[in-house]
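Both complexes below contain subunit A, partnered by subunit B and then by subunit C.
On to the complex of A and B.
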């Protein structure tokens, strides 16, 4: 059993036309037992930057708290919000600091950068960044998610179609993974608003 | 004057005084003043800008007011470079607390922690004290709105209204006369502007020479720190009769 499969998770982020969507499952388990069905994996850093953390639950929470610390100080000193690309570099650097005793997390970063251009990226647990133009996935359901996204994704979707696509990709993938599921949590972010929706899937 | 006891910060004089600390306070007495007033629905901070020149590059950042965390801000009087170090220290301390306890740091604890840092420079290391006095304004769920004043010795106190910097004695006595316990935030702004205009050296008061910031609860119940824009400040100065309106062309 891998430490990355201890709690179970599924994360996906997709780029649309001047918008992005990031979605996660809601299960927190201890191996085969489900402990919580409302576990939060996606966190808002600022209005145009969201961070999803998959992997070991304890590490995701601690890593998130450390990032809030760093980001708040950045905001106070620079008097502006961090760009998504900069934030991704920060996460990558923080993960590599623990190269020989890492956080068992795989982050997914999604945000609107300069001129509200959507930015998504993921990285492994020691900070190797993977930038993508279309979608990124993470978690125990990642293999299913790769397949689902590859077939369902098309470029330049508007925010409503993006929501449908990402939701279908997430639900169909977590249904084939016993460690993730119990619904979905989807955020769709455009330059003007953030929509948060809960999905009802197979509750098992 | 026992000059031989001046040079070391960490030594008492025979009369039981710490000269370096007192000289630090002297330095602050020459700096731009700042006034803080506690009202029942917020805290008001007003500062006098000493550095005014047309050559100064205008930017959105403030000279006297600084945000420490979402729920705490401060006004500064004294040596700005010393203030920058302490403000950075305060910001990190606030974030460290939030990281450990996952809730905002109570205002008094933040002030106390910073004052402990300041006190260290009066007792060990042989380094000079910081030449800054602060007015901390904040809100927490235990004690609501609070105003604290701290000085180079590391002493601090909670105040209903306080003044630091140049002419702070005059400002303090004016505040004592006009302050009422149930003052509203708008009245506090008016009082602060009035007192500052009377104690400032310059003859005419314009919005370029002042900074105004308020801490209050927004309609959603979250603490908000807001710096007044120069335009709004100019309008307020005219409204409260502090400056004459611009002459008709």
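On to the complex of A and C.
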């Protein structure tokens, strides 16, 4: 098992009409053994920007702490929040700095940019950005997630339908993965509110 | 996400003599220490072996006053991928003997069926049923003769014969152990924890079934390679019966129901001005 599969993770982000949703599983394991069922993988950078980090748990926490630090400095200097596109470039640059000793993480960035236009992107562990208009996935269950999202996704869903779709895609994909699951955590973000929900999933 | 680390590998093997070269400040390779070993290939092979998961499953069986209780999960995994959630891991060798499956599915299915054939032939030749001791010895001898050829079988033979309930553990290394309580597979440490703390010889059939079910459920919760359906079988003086097959996803919420969350702050609709 590779180092990316050591802790196990599943992350997905989807774009809707003037909104986005980002969801993750809740398991933290040490190879096959489950240690925790409430592990936080999605972090809020500011009200309209969320960061999900899959891969090695230790690196996800460290990377998140470094990014929060950089964002706070930016807020002090620029007196405003970072745009999602800018944040994605920041993450990409920080990952490439460690090109020969990388963070074993795959980030998923989701935010509302200018005029509240939803923005999602993912990158590999050394910072190659992949911008998508519909959905992005990461983690040990990523192959199943690609299949589920491809078949369930429709463009321009409203936030209720988007929540249903992303939850179904996440749950059905992690049910085919030994290393992720044990519940789900979904954030649905519109220009006016952020809804956080915990999903009841199979605990095996 | 597979990264290309070929840039990190040093072209010279790491023998003692090269240390001077690296320590004079001209290190071109980036900075983590390679292990000090002369046999690099074996190290890699051993470290792969170290992390290789033991047969990904949970099966258990124990003897109590009313016979033998046998239980198993139903997940088949290939590395991290779940290939099936509905595998029959308790194999019915004949109406009074059960075998459990752990390891290679094909190996277990084939050799258990082969054992069933041999048991029937014994019955016809000797006009009486084969004992559990005899059946397990037949299987163990077959597996021993294939030792080293890559069979993967970790099975328990449970049955009721003239001497009463019998339980043997047989594996593809050729081992055969008689016992009263066994659990096999990657989830077995978790199952043993529950089994050992709840076991009493004088349990009723219902209590023993619930103990077996709980042990499998707890193993599926903690072990990534176990899951699906927890099947429980009982072997008594008249043969085996299947007692239950419960989906462990639903068992979790029946054992640990979700409390409705206390609403701390409720948002009310803002009145439009």
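Note that in this section the second predicted complex is superposed on the first by the 204 of 204 C-alpha atoms of A that agree within 3 Å, B and C clash if a C-alpha of one lies under 4 Å from a C-alpha of the other, contacts with A are read in each partner's own complex, and residues count from 1 in each chain.
Please note the rule applied: a contact is a pair of C-beta atoms (placed from the backbone, for glycine too) under 8 Å apart; a residue touches a chain by one contact, two chains touch by 3 or more.
These figures come from a predicted structure and were not determined experimentally.
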> Is the number of subunit A residues in contact higher for subunit B or for subunit C?
Replying inline: C
> Touch check for A:65: first (subunit B), second (subunit C), both, or neither?
Replying inline: first
> Taking the superposition as given, does A:147 touch the first partner, subunit B, the second, subunit C, both, or neither?
Replying inline: neither
>> If we overlay the two complexes on their shared chain A, which of subunit B and subunit C does A:5 touch? Say first, second, both or neither.
In response: second
>> Contacts for A:203 in the overlay, against subunit B (first) and subunit C (second): which applies, first, second, both or neither?
In response: second
>> I'd like to know which partner A:113 touches here: subunit B for first, subunit C for second, both or neither.
In response: neither
> What is the contact status of A:76 with respect to subunit B (first) and subunit C (second): first, second, both, or neither?
Replying inline: first
> Where on subunit A do the contacts from subunit B and from subunit C line up?
Replying inline: none
>> For a test of understanding, state which residues of subunit C touch subunit A in their complex under the given definition.
In response: 1-3, 7-8, 30-32, 51, 53, 56, 73, 75, 77, 79-82, 85, 186, 220-228, 248-249, 252-253, 258
> Which of the residues in subunit A come into contact with subunit C in the complex?
Replying inline: 1-2, 4-5, 8, 29, 31-34, 55, 100-102, 106, 124-126, 140, 175-179, 200-204
>> So in the complex, the part of subunit B that touches subunit A is made up of which residues?
In response: 60-61, 67-69, 88, 91-92, 95-96, 98-99, 102
> If you look only at subunit A, which of its residues touch subunit B in the complex?
Replying inline: 65-66, 68-69, 72-73, 76-77, 79
